[in-house]
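Structure, as structure tokens:
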Amino acid sequence: MAELLRVEGLTKRFGEFTAVSRVSLEFQKGILTSIIGPNGAGKTTLINLITGSLHPDEGRIFFNGEDITRLPTDKRVKKGISRSFQVMNIFPRLTVFKNVMLPVLARLGKSMRPFSRLEDHPDALAEVERILKGVGLWERKDSIVGELSHGDQRLLEMSIAVASEPEICFLDEPTSGMNPIERVKVLELVKKMAADGRTTFVIVEHDMDVVFSLSERIIVMARGEVLADGNPAEIKENQQVRDVYLGEEL
Amino acid sequence: MAKLKETFKLKPVYLFLTALAIFLLALPQFGGRYLTYIVIHVMLLSLLGLSVNLLLGYTGLLSFGQAAFCASGAYGCAKILLAMDSPSLLAGVFGGLLIAGAVALVIGFLCVRHTDIYFAMLTLCFGMMIYSLALKWRSMTGGDDGLVGIPRAPLEIPGLFSINMSPMENYYYFVLIMTGIAIFLFYRLVNSPFGLSLQSIRDSESRTAFTGIPVRTYRLIAFVIAGLYAGLAGVLLPPLENTVTPPIAHWSYSGEGVIVALLGGIYTFTGPIVGALLFFVIKDVIMRFTEYWLFWLGIIVLALVLGLRGGVVGAIQRKFLPKMTL
Amino acid sequence: MYLWLIAAGLTIVFGVLRILNFAHGVFYMLGGYATFTLYGMLGLNFWLSLVLSLISVALLGGLIERLFLRQVYNLELPYQLILTYAFILIFDDLAKMIWGPMFKIPPVPSALSGTVSVLGRAFPVYNLFIIGTGIAVAIGLWLILGRTWWGKTIRAAVSEREMASALGINIPMLFLTVFMFGTAVAALGGALSVPTRVVTPGVGMLMIVEAFVVTVIGGLGNLKGAFIGALIVGMLTSYGIMFIPILQLFTMYAIMAIVLLIRPQGIFGR
């Protein structure tokens, strides 16, 4: 299986506190992975490091064999990495349509065109329609995002992440704040998107149902380190993991 | 047939624009010299306002130094016109624009790596550096007194035509055409993919980076374009007034641009233009009663910030035309 | 020294409220006008005039904070700057309206008049007084911030904004008092300047940009830096004028720009 993304010895410190400690991982193409762990385990920091929002103190990152440790975020995205955010990070003053139109245009290399109108790009328009219909937001396309419900905003959040057609996409707590019905919706969505094989998903999640029903591989982090790494069955049996979760039903 | 009908549907906007165009074209005939002169200044101020708003309303960057590019354009144009044996208006205008753009490129390159308050202060800084150059560099800029005797050069393309610009009327039409083109280009720009990119940078710089867009580069481009607009406001001034003096580079003039944008509404397209118009109207009205018009301007700005944040156009938009982006 | 007083007020206000008060120079100006009116025109005792001026301007500052500033804390930066800019416009013209152009400089109070020989040159006692006051304010601030409860609260608010309210500190009250204090300090500068220079409406605008430069060089929110910054800029301005007048203004802004570019926290900032 093709190795898509590899991190070696990734370390990040904030003063005295080590958020991520010598983490080495490999992500294979097509394997849906979840990263779980208690709060403060370093999951989001890890994503920040991989996507370029933070610079590692030590360690290196390879994508498709290429060393991307020094690349700025936008270049990494162009290579095929993307993410969604735990704390909603959408474009508040723009409509739903424009929120997705932008990453699509960017992917098509058209984001710098100064004189054409948005309507002049049928390929982008079609793409946006496809994405929005996929998450059921097409009818609301002209709404300003502030008018959407939390759940819909989260769907939009995810749509922006996948709009750049990444090879690997990190979803940071995609169901955060959602009710059970909405969670199922997201679940199905991710399943569907993962199924066609173009994007490999890595999901940070707290909801164990989602994690165990979706993932082929689970990485457990605690205190900045990788505690366990394996398929769902292995993880369930792992004593260290059970300790970390203090007897919670896995 | 139905399609044809739709193309020519009389949208109220087109009606309004046509009426406005007719009004503006006929102005010198019935308005008189002074009014024509004032309207030219309104157009120049609206260009400054658009310059400020491209950065503020569309890209989320507050610049307190646009006056610097205005001045660069103005002084540049002036020097060119003064240096030419047979001055050509177009040479002055485009030469000045080039200079303004170059200055914007240099300053922008240094400024866009910072955001928010640091950006605002940096632009203020550079703006005042240009001001101090204008004020003190006597040999180049005439210092306090500025440059005088700038000819209102004829509009000519050698070999093709030459139009005398001395009559205020003629110069007015020239400014009108230039401003019209500029506004049209601005309209296309902000509604283009690039315009969308700028707005997303404004809304979330981090997310925009995650769509693969190099944020800093786009900011720089926006900065240079804004510099050109401010520069245009500047280059059209010397032939009109026949002089250029330092105050055009002072941060208070930049402040005027910001007020104008705020007055009209920073998240609207026509805001700065309406703002410029209102600025002059307010000034004129208040000045009939008292010489302390800045006081009242301050009060109005205060009221704007506290109550009418969308600006005049923003308020109109909310009340009457909720679906339209003016 | 005047620059230091304005810069100090500006720095404190920025440090706690995170608002860059464009209009801070206005308080300097008002302090000057108030003192001029009380001392110069009405002939009240100099010290009394000082105190009354400080109190009245501080009260005005309090009003402004309560009524206006409070509304813009949560708005974006442009609105804050424009709001304070509006105050410059308002008060500059107001000053013109109320006091009109004036050119009298009231005499230095007798207790502080005369000259003293310093390093072989005659040095006006009043200038020593000003310098002394400036240093006294610096020491006073250092003491207040370091020793008093109020000062510690300020420092907490500066370094840990979110925590401060969680700790039960009354933020609105703190903001109010800090702003009034900053105002008073600036007003002090203006008040003290009265016997030495003419008070004019535009003076606020002139000094504010210089105060900005000082604050930035020293580090936004850093008082020690502001003090040293003020000294540097003050000296540059006085001596620069003598040696390289053409470049003086330019250099000042250039230094500010360089500091902003390379070390935005200022020379002394964290």
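Going by the order they are written in, the chains are A, B and C; count residues from 1 in each one.
Throughout what follows, a contact is a pair of C-beta atoms (placed from the backbone, for glycine too) under 8 Å apart; a residue touches a chain by one contact, two chains touch by 3 or more.
Since this is a predicted model, take the numbers as computed values, not measurements.
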item	value
Most central chain, judged by mean C-alpha position against the global CA mean	B
Chain whose Cα centroid lies at the greatest distance from that of subunit A	C
Separation of mean Cα positions, subunit B and subunit A [Å, integer]	42
Geometric centre distance via CA averages, subunit C-subunit A, whole Å	49
CA centroid of subunit B to CA centroid of subunit C, Å	34
Sites on subunit C touched by subunit B in the complex	20, 68, 71-72, 75, 77-79, 81-83, 85-94, 96-97, 205, 209, 212, 216, 245-247, 249-250, 253-254, 256-257, 260-261, 264
Subunit A - residues contacting subunit B, complex	51, 53, 72-75, 77-78, 82-83, 85, 89-94, 98, 101-103, 105-107, 110-118, 121, 160-161, 163-164
List of subunit B residues in touch with subunit A within their complex	185, 188-189, 191-197, 199-200, 202-204, 206-215, 218, 221, 267
Parts of subunit B lying in touch with subunit C, wherever the complex brings them together	56, 62, 64, 110, 113-114, 116-118, 120-122, 124-126, 128-129, 131-133, 135-137, 251-252, 255, 258-259, 262, 266, 292-295, 297-299, 301-302, 305-306, 309
